[in-house]
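Down below is the structure, laid out as structure tokens.
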Amino acid sequence: MSVIVKEVGRALGRADERLPVASGLKKNLRKVFPDHWSFMLGEIALYSFLILLLTGVYLTIFFKPSMTDVVYHGSYQPLVGVPMTEAYSSALGISFDVRGGLLIRQIHHWAALFFMAAMMVHMFRIFFTGAFRKPREFNWIIGGSMILIGLLEGFAGYSLPDDLLSGVGVRIVAGIVESIPIVGTYLLFFIFGGQYPGTDFIPRLYTFHVLLVPGILLASVGLHLVLVFYHKHTQYPGPGRTNENVVGFPLFPVYTAKAGGFFFVVFGVTVLISALVTINPIWAYGPYVPDQVTAGSQPDWYIGFVDGALRAFPSWESQFWGHTWSWNIFLPCVVLPGLMVTALLAYPFIESWVTGDTGEHHLLDRPRNAATRTSLGAMAIAFYGVLVINGANDIIAAAFNLSINQLTWFTRIGIFIIPPLVFLSTHRFCMGLQRRDRELLLHGRESGQILRLPHGEFIEIHTPISDDQKAVILSKRDIAPLAIPAATDQNGVATPGLAGKKIRAKLSGFFFQDNVARPSAAEIEAAHHHAHEVHDHEITELHEAGKQAPSQLTD
Amino acid sequence: MTSTSVRRHKATGLVVLLAGLVTTGIGYAAVTSTAEASVPQASQGQLDQGHQIFLEGCATCHGLAAQGSSDGPSLIGVGAAAVDFQVSTGRMPLAAPDNQAPQKAVVYTADQISALAAYVASLGPGPSIPSASDVSTTDAELAEGGVLFRTNCAQCHNFAGRGGALSDGKYAPSMMNATPTQMYEAMLTGPQNMPVFNDKTMPPAQKQAIIKYIKNLQQAQAPGGLALGSYGPVTEGVFIWTAGIGALLAAAVWIGAKVR
Amino acid sequence: MSNSHGTDLNVHAATGDEPVFPLPPHHHRLTDTDPRAAKRAERQIATMFILSALGMVGFVVAYVMVPTTSYLDLGPVGVLQTSNLLLGLTFGTATLLIGVAAIHWAKKLMADEEIIDHRHPVGSTDEDREEALAAFNAGVAESGFAERPLLRRTLIAALALFPIPLIVLLKDMGPLPGDSLRHTIWRKGSRIVIDVSGQPLRPEDMSVGSLVSASPADLNDIQEAEGNQNARAKASIILVRMKPGEIVSEQGEGWSYQGILAFSKICTHVGCPIALYQQRTHHLLCPCHQSTFDLADSGAVVFGPAARRMPQLPITVDNEGYLVAQSDFHEPVGPSFWERP
């Protein structure tokens, strides 16, 4: 051990003479990170991204991004002698003639699905705990943008092999581009180098997929991590945890081992899945030919919501001034995703404007305590979920013997009904939890022990909750909604921007509606006092435990 | 895969007719004649047995003389192939009217089915049951079958022959349990909403190639591992959100859990 | 608690209503108190590292020994590529073991006493801000940016035009559309041939209920000359035959031939090829977004997001009795686009 320390010390000394690494290490080696399983979700995305970079580089060695016609003569018998593009042929070569090529291809694709899913789950955690609040709004924007960029990157990768499934996907994208008013047709011709499909698309998409977008993603990931490091990680409320400190384990060695180890776990799990479960069997789809198609033509799941919206949208199209407006494509595929992303990225600013909260937040909210935010999040997920499910309506119809037409109508109506219902039920659920927290603080936990008092009354003994639990429950911050401004001030001067201020105050009232106030120290004291008075003389032996609680709350 | 050049010449009606015969292919003309619209050869005993079965099991919907009713189409001229397909896959007799007749347990024995088929075939000329040589795939091209399959079949039955949804609760069934004879009969007769692929628009050699390709699909080739039903990206997405994310969440919970 | 605003980090303390709970005392793990438990954990971790190393060796063995053409029949799972299975199992397990061992080490043997770090407000101090602003103002003054509006405006003008050459350069990414989306290679007398086989087709070849995927006879030559599939992407058609009495509506006189109708195969929604023809209902269903067209009724949309009916190709027979096109489509095929009237 001491040898290691001496050697590292010597190497560090030599390095430090050239670059002051020691001052950076001094500050950061023992940097504290709080421990919680939900803080590892972003790491899944990060590690999937690293796996994608590693396996992607390997795939570039063998993949030929060319739409030149070739005739297949590889070892996959059902396609021998079939004409196809060089891109598809080389993707088959990777799968059947490069040793380990199929494994790497499958790891790359599974990791892409993991990447997108993990980013989303990570975003849910950030959203529901309010971790996007000041000073982390910018990092929320970087993260949200990465989901959008990852979506484009994933679609590009899905399209490169030029198999029958992905070719139909590209055909759909071409149709979407054509729907864009004014510039659509020109965009189509610029993207495809002429009419669809042409011979330029795959090579162009390849550069986009392996250079441009990964570069942007890599820079975003770097910035995202730098900001996490700089702001220090948020933490959940609990004993000893405040808005001014961070409690946890040091980066070195505990987090190096845990986070480093988790990289290998994510990698290992991805490889094992790739060994056992097929993903994107391009050989089974066959080469892309513009007049062939397979039933159940689907995009990868993360594009599913766009496809679902496209399937459900009514057949609106109009003609103005001799031009065609394809509302049935432009609205669900361009406008709707644009609005969804804008709402997502703008949310931190909207919330802080509505609540008037401009403070720094490093202690996370419990989702129940920000009931409106939690309900909005659940509503957004429900909206997204309905679209995703509709994107698979043909598979669902086939698997469960349902009618596609009825499923489509279910979506057309459900998209307006289900999200509000989810909002209301989530809000009620949060309120129930808030009331329970208040009860726990005031009266403790129901012990299940029933006592019969001398005068015949039955009571249940309530045991006070632990300090840990109290610390968590008492982390709730009750913020008063903004007051509705008067039309004029005391001097009779009209309030400037009154309408805007009124809207803001109304929204603020909506945001904090039905909030169950956290009991004050005095209320808790009174509740415990009352409880003691009732059975003071009957159960003297039990109230030793009960006495501790109020004394804790007086400081 | 390549278009054959067509001879063009000015000709009288008779020559046109002859030229048509040449281009549709003399090579398979013999096969065609056996599989399509041939006069059935059946004993009187078999016809009587078939008639009896028809009256018991089919006449309620298709009419006493197989002329059809509001509950079932006319069977005159559908041929033995249609009967064999519908009855040997258990689709007929129908249990209850629905969007389409589902596959279920076969009701009749092979002998009964051929008697019934012979009886229906005797009502009017129609496609007969393909012979063993008709459905033989020894000389068929697997890759050509794949191209034909993707052009003519995959749009409804999916790339792996697992079936897919059609309008209003109808569906194209999975082909995983179909026999070569049933595949051939289905193409020939167009059961339910399936279009007809007769021997002119799809010659027997092409049908045999398709059958060879479907038989290959039935062998559950899964180079990359578990195929998740071969339904495409939807089941892959379900897998990643359940087993995939589930496994990594379990690992994360383990990492974050306190040790006693 | 009152509404608490501002960048003051001490919001909670300032209200005077916040209880403070100290960090609970540290509990020792079994591995901290029992040397045998610690030793056991050490052995487990080392075993995992050794197994991992063996797994990596196993990977190399599998790589060398198993060709990609070897297959393994795993019954219900399917017939798997042996190489993929073995390479993945060895490498995956070995990698997973490194991770599990490292985490196990951290959890069982590394110090697990929580430590506290203090946060400081994220922003700079007021002095820093003032100094930064002063430095910036000094720079602005020294540059003369404020005093010389001519320089300022011309600089902005020059920079505004700077991206234009970069954008103009993109113009040659593709030709301009012209009227290319309005036409296909179908023309008067184009013979209709069956896809894949390339056989021409006579009306009597099709039965009622038949479906044929077809294209113009000269498609392959044109594709070869153009070196792409653009012509196919627009010219693909399907032919169906129904009883003439079942056709409820036709484009005009003589578009069909003895109950045989030809329609574009390219969906008018976003362009998927469609051939999900349901011969009893005469409905054509798109597998991508479920637009449904009634081919007995001029290809009218009966369900789904498509706004336009399926374009019909007028057909007839030539003097040799083969089905041919009467002309090109009378409207653009495929998805709508801005310039489409």
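Couple of notes before you dig in:
Going in written order, the chains are labelled A, B and C, and every chain counts its residues from 1.
Note that in this section a contact is a pair of C-beta atoms (placed from the backbone, for glycine too) under 8 Å apart; a residue touches a chain by one contact, two chains touch by 3 or more.
Keep in mind that what you see is a predicted model, and the values were worked out from it rather than measured.
Chain pairs A-C and A-B differ in how many C-beta pairs are in contact, and the one with more is A-C.
Placing every chain at the mean of its C-alpha atoms, the farthest one from chain C is found to be B.
Look at where the CA atoms of chain B average out and do the same for chain C: the two points lie 33 Å apart. Chain A and chain C have CA centres that are 19 Å apart.
For this pair, chain A with chain B, the centres built from the Cα atoms lie 45 Å apart. Shared interface positions of chain C, i.e. residues touching 2 or more other chains, are given as 81, 84-85, 103, 107, 112, 195, 213, 273-276, 287, 290, 303. In chain B, 1, 144, 147, 151, 155-156, 164, 166-167, 172, 222-227, 255 are the positions where the chain touches two or more neighbouring chains simultaneously. The residues of chain A that reach two or more other chains are 35, 96, 102, 106, 258, 261-262, 265-266, 269, 274-276, 289, 291-297, 394, 404-405, listed in rising order. Across the complex, chain C is touched by residues 1-4, 6, 8, 10-11, 16-17, 19-20, 23-25, 144, 147-148, 151-152, 155-156, 164, 166-167, 170, 172, 190, 192-198, 200-201, 203, 206, 219-227, 254-255, 259-260 of chain B. Listed in rising order, the residues of chain C touching chain A in the complex are 1-12, 17-24, 63, 67-69, 81, 83-89, 91-103, 105-107, 110-112, 114-119, 121-122, 170-171, 173-177, 180-181, 195, 213, 215, 227-230, 232-234, 236, 265, 269-276, 287-291, 301, 303-308, 334-341.
Residue ranges of chain A in contact with chain B, taken from their complex: 35-41, 44, 77-83, 95-96, 102, 106, 110, 113-114, 117-118, 121, 164-165, 258, 261-262, 265-266, 269, 273-281, 283-286, 289, 291-301, 304, 392, 394-395, 397-399, 401-406.
Partner chain B is touched in their complex by these residues of chain C: 27, 29-31, 71, 77-81, 84-85, 103, 107-108, 112, 191, 193-202, 204-213, 217, 219-220, 240, 273-281, 283, 285, 287, 290, 292, 303, 319-322. Chain contact summary for the complex, chain B toward chain A: residues 1, 99, 141-144, 146-147, 150-151, 154-160, 163-169, 171-172, 213, 216, 222-228, 230-241, 243-245, 247-249, 251-253, 255-257.
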